[in-house]
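So that you can tell them apart, the chains are marked A, B, C and D in the order they are listed, and the count of residues begins at 1 in each.
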Amino acid sequence: MALSAGVHSVLATPFRADESLDEASLHTLIDYYVAAGVAGVLVLGVLGEADKLSDAERERVQAGALAQAAGRVQVAVGVSAASTALTAERAVAAERAGASAVMVAPPAGSVAGPVLRDHFRRIGERLSIPVVVQDLPAVGGVLMPVQFLADLAGELPPGSVVKLEDPPTPRKTAALREAAPALPVFGGLGGTALLHELAAGSAGTMTGSALPHVLVEIVAAHRAGEPERAKRVYEAALPLLLFEAQPVIGLGLRKEILRRRGAIADATVRQPSPPVDEQSLAALGELLEAAEVPA
Amino acid sequence: MALSAGVHSVLATPFRADESLDEASLHTLIDYYVAAGVAGVLVLGVLGEADKLSDAERERVQAGALAQAAGRVQVAVGVSAASTALTAERAVAAERAGASAVMVAPPAGSVAGPVLRDHFRRIGERLSIPVVVQDLPAVGGVLMPVQFLADLAGELPPGSVVKLEDPPTPRKTAALREAAPALPVFGGLGGTALLHELAAGSAGTMTGSALPHVLVEIVAAHRAGEPERAKRVYEAALPLLLFEAQPVIGLGLRKEILRRRGAIADATVRQPSPPVDEQSLAALGELLEAAEVPA
Amino acid sequence: MALSAGVHSVLATPFRADESLDEASLHTLIDYYVAAGVAGVLVLGVLGEADKLSDAERERVQAGALAQAAGRVQVAVGVSAASTALTAERAVAAERAGASAVMVAPPAGSVAGPVLRDHFRRIGERLSIPVVVQDLPAVGGVLMPVQFLADLAGELPPGSVVKLEDPPTPRKTAALREAAPALPVFGGLGGTALLHELAAGSAGTMTGSALPHVLVEIVAAHRAGEPERAKRVYEAALPLLLFEAQPVIGLGLRKEILRRRGAIADATVRQPSPPVDEQSLAALGELLEAAEVPA
Amino acid sequence: MALSAGVHSVLATPFRADESLDEASLHTLIDYYVAAGVAGVLVLGVLGEADKLSDAERERVQAGALAQAAGRVQVAVGVSAASTALTAERAVAAERAGASAVMVAPPAGSVAGPVLRDHFRRIGERLSIPVVVQDLPAVGGVLMPVQFLADLAGELPPGSVVKLEDPPTPRKTAALREAAPALPVFGGLGGTALLHELAAGSAGTMTGSALPHVLVEIVAAHRAGEPERAKRVYEAALPLLLFEAQPVIGLGLRKEILRRRGAIADATVRQPSPPVDEQSLAALGELLEAAEVPA
């Protein structure tokens, strides 16, 4: 089944204060996103600290998310790894467990070319669910030109999409939509360019914002043909969307938002990770107080 | 003389369609920023395409800016180079020509340590005007920890400051203010975090936004003890501030804004540089129509 | 027990042509290195394609290596991971399984400072075996200054060492030996600078060369006070040491050497990985024919 | 006129102890390389600290080199800059001054594609002398695939070549020779892979070794159809070639060799630059004593 257009929220992985996996919070977290009206959730992405987990913990997150979602929303699973073999193994396991899609980023140090194309092709041929190709050069350093991405589409299972996070994203979204009209493109990067990505032809966004209801409303307004409403909601939310998307401390800020909203019990980030500073916590508090979705 | 608190605008360098230096536009550009009420302008920074100019062109930009500013605002000059010798030569020439300050970034590939500290010290001892230390790891890749910057202050002429562009900037601003209370810190990065940088103790911003009146009003409101007004203006401007600050096409977008506002005759960027796409130009047009500073 | 001075060989992980783990070849590989007279072997390092393995495969490699070594040589295990929690979990498991030491590299994106220091400290306090701190900025991008490394020594179990691969290595080896005389330093980088590292005070090398007998003889000559012999062997081996250490294809070349020498059954590298070209295979053949350790 | 096959030595720029340009040493340096039998010299490359010089100093180096070479060897001039305009201006000036060729590297941050191709095309159409395309991703970070380089050939003046420094160089040399048989390829990287580059089809090397007579002999032996002699000389020289090519301190080591051999008066490197350490100087002394070209 294809991925629904709209908002797919990338989930943080909840930990207790001792950094152990908090599956109870994973459940409430999923309920939080479902209640916000998202089309799907994505576990074990960059924001989910996937590379900080053991394989056993990954499996618990995957199983917990699928069980708690219980078909209410689509569940995609990040399976990126340094080898084709390990990525494919994880992808096949995710499909068997019931995932709606798997997300695959190019291994760090790859170069857009035939070897990388084979990586995606070999993974794709093991699957019947869609692949989300993650185009995020800031992590891993791999630049994938528009034509390379467009060509990949032919190698992947039906319904596969690109999660485009190579800024400026509106420009590349428009170019990729033109080069491969049948390939859906989703935005990312915290939704900070969501309005412009939608205008450029994106099908929605897959991102880790702790404010999913805002993203849902923006996409809904856009799809309902109400650009003014989409713009109003986007602009009202932008100060907070931008603040929570800061480098280094962004994950800690988002977990703090989720904690304050009752979605998770504890804002702990796995170490090593610099703590969120007092200055930023205070600013976050003010932003949260002020930020309400306009009626 | 010390650099004034407030807004110092980093100037684009205007070119004609044939990419030759357009000194007439440099004059109107300076008038545009002076009219916006900035405390100073800074020529030959990253946004000024300084490394795309010959030494002779640099000198023409410096001379033209100083003559046109004519003491109405402070004029700082970017003098960064790969060697201490060349940086110092440029800095001394800028001081002789009448610059209020010089900006120096660490040479690409430097490591924060005694060799880099000597670089700044040797430049500083040739000068009586302040040095603006540019802390922009995204260009050049040099990480300068808070303590390294705090220690630099003792090596530099009186009134020297840091232009802090190592995100998250509010966090580092607060930390540097605490480590070196006598060292003024300015923000940058297009003013996209200006409100939070001011809250963290910044003295203002030195940045290349094409919307200087907005930045001026935010700083003025903050300094007047009107945080609600500062916040309102900042949040109203954020969609456009963020849009014009995009990577890759940001310079072209800002030159287009300046052209539309009559500040320069032509939006040409020196090649090689990817063109601004239609999608982004259209979005810019809509943003500009909508964007007005709230009364 | 402390790590012995001398040569600790970093092992490739053998795969069959279908990229599955080849444990039989792991056994012959260990015998190959033991026969060469190394002091130890290190599994699951960068050359071991550790990040291309599942946790279950890692465990099989660790168990297979320990069983086959059977106390004939020391066995160190690479346990680097993006989180303190996962690194510590792997390290504790390695100690329990009987490893002589664990190797830990700083997580990618870390900055030398208190947060990273805590990472090493927390791992160290869970262990009684030594930690090998891997200083390899080319992978992960983390620069660790001499003083940071020297200070780390106080946080780690007795006998911990640094595997120094931040070129130029002779210079940093000498500086670290001076800053922390009690902290043993080993070289790496394929042994291409081994002679100079020994002169600078290194205790030996931990590296992935497929030619361990050469490295063993160089270190033995050096320790026997026969510098001329050490130099002669090093210089005779350098053409091949340098050739097998090439970027991108180095792993494939080393596996090919090991295959030709009967140490493993197949030279397969896990995908995605560019194939070794004909040109380089031919050159390798000629080098191998010519290369004999001088009597 | 085309560039001669063989060795083109990249020249260091000599400075006095006070870091001022030492033109007298530039003259003796050129004589040193001419006496070694090189086909050409190249000034203002990376090793020449070109980006540490003012435009006026660049012009003095170019004029001094051309005058002193006096037609005895070809003289190529590095003209790389961040803009097409400045690069072309420098290139045209070099041709007028009598240079045999100009070297152009892609501006840092470029992406192999139409915009970069235009950069080279626009420079090339202003020239009648050949362009040396520098393919050195370690500086500037630009990856240029084989096909991109092959296609560039059609945009450049007759006789243009590639200076290929994207390791592993033998592999890429062979691939580029196959993709564009009419495009000569030279090696670089200190000649440390010269033997293998020649075997892969290179026309020689353009590099900054302080030991040009060795490189000349290797190429001569190769072209004379005496592979055994080429191999013997290469392998005898490798310990020193590799040592002088070390990162960070390589330039200082080469200047020290040149000083000891009387080619320049002073080994000063422009600051900021870490000093060569005692350990490395001592090792250099031993290597120089031992290193003699086999008769």
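We adopt the following convention: a contact is a pair of C-beta atoms (placed from the backbone, for glycine too) under 8 Å apart; a residue touches a chain by one contact, two chains touch by 3 or more.
What you see is a predicted model, and the numbers here were worked out from it, not measured in a lab.
Would you mind working out whether chain A and chain B touch using mostly the same residue numbers, over half shared, or mostly different ones?
Both copies touch with mostly the same residues.
Of the other chains, whose C-alpha centre is the longest way from the centre of chain B?
Result for the farthest chain: C.
As a multiple of 5 degrees, what angle does the CA superposition of chain A onto its copy chain D give?
For the C-alpha superposition of chain A onto chain D, the angle is 180 degrees.
Based only on mean CA positions, could you tell me how far chain A sits from chain D in angstrom?
The mean C-alpha positions of chain A and chain D differ by 46 Å.
Could you tell me the distance, in whole angstrom, between the mean C-alpha positions of chain C and chain D?
34
Would you mind pulling out the distance in Å between where the CA atoms of chain A average out and where those of chain C do?
That pair's centroid distance is 36 Å.
Which residues belonging to chain D are in contact with no fewer than two other chains?
none
Quick check of your reading of the touch definition: is the inter-chain graph here a line, ring, star, complete or other?
Contact pattern: complete, every chain touching every other.
Which chain D residues qualify as touching chain A in the complex?
Listed in rising order, the residues of chain D that touch chain A are 111, 113, 143, 145.
How about chain D: which of its residues touch chain B in the complex?
19-20, 49, 51-56, 81-86, 89, 107, 110, 115-116, 118-119, 122, 270-274
Which stretch or stretches of chain C touch chain D in the complex?
So the residues of chain C in touch with chain D come to 167-168, 170-171, 173-175, 192, 196, 199-200, 231, 234-235, 238-239, 242-243, 246-249, 277-280, 282-283, 290.
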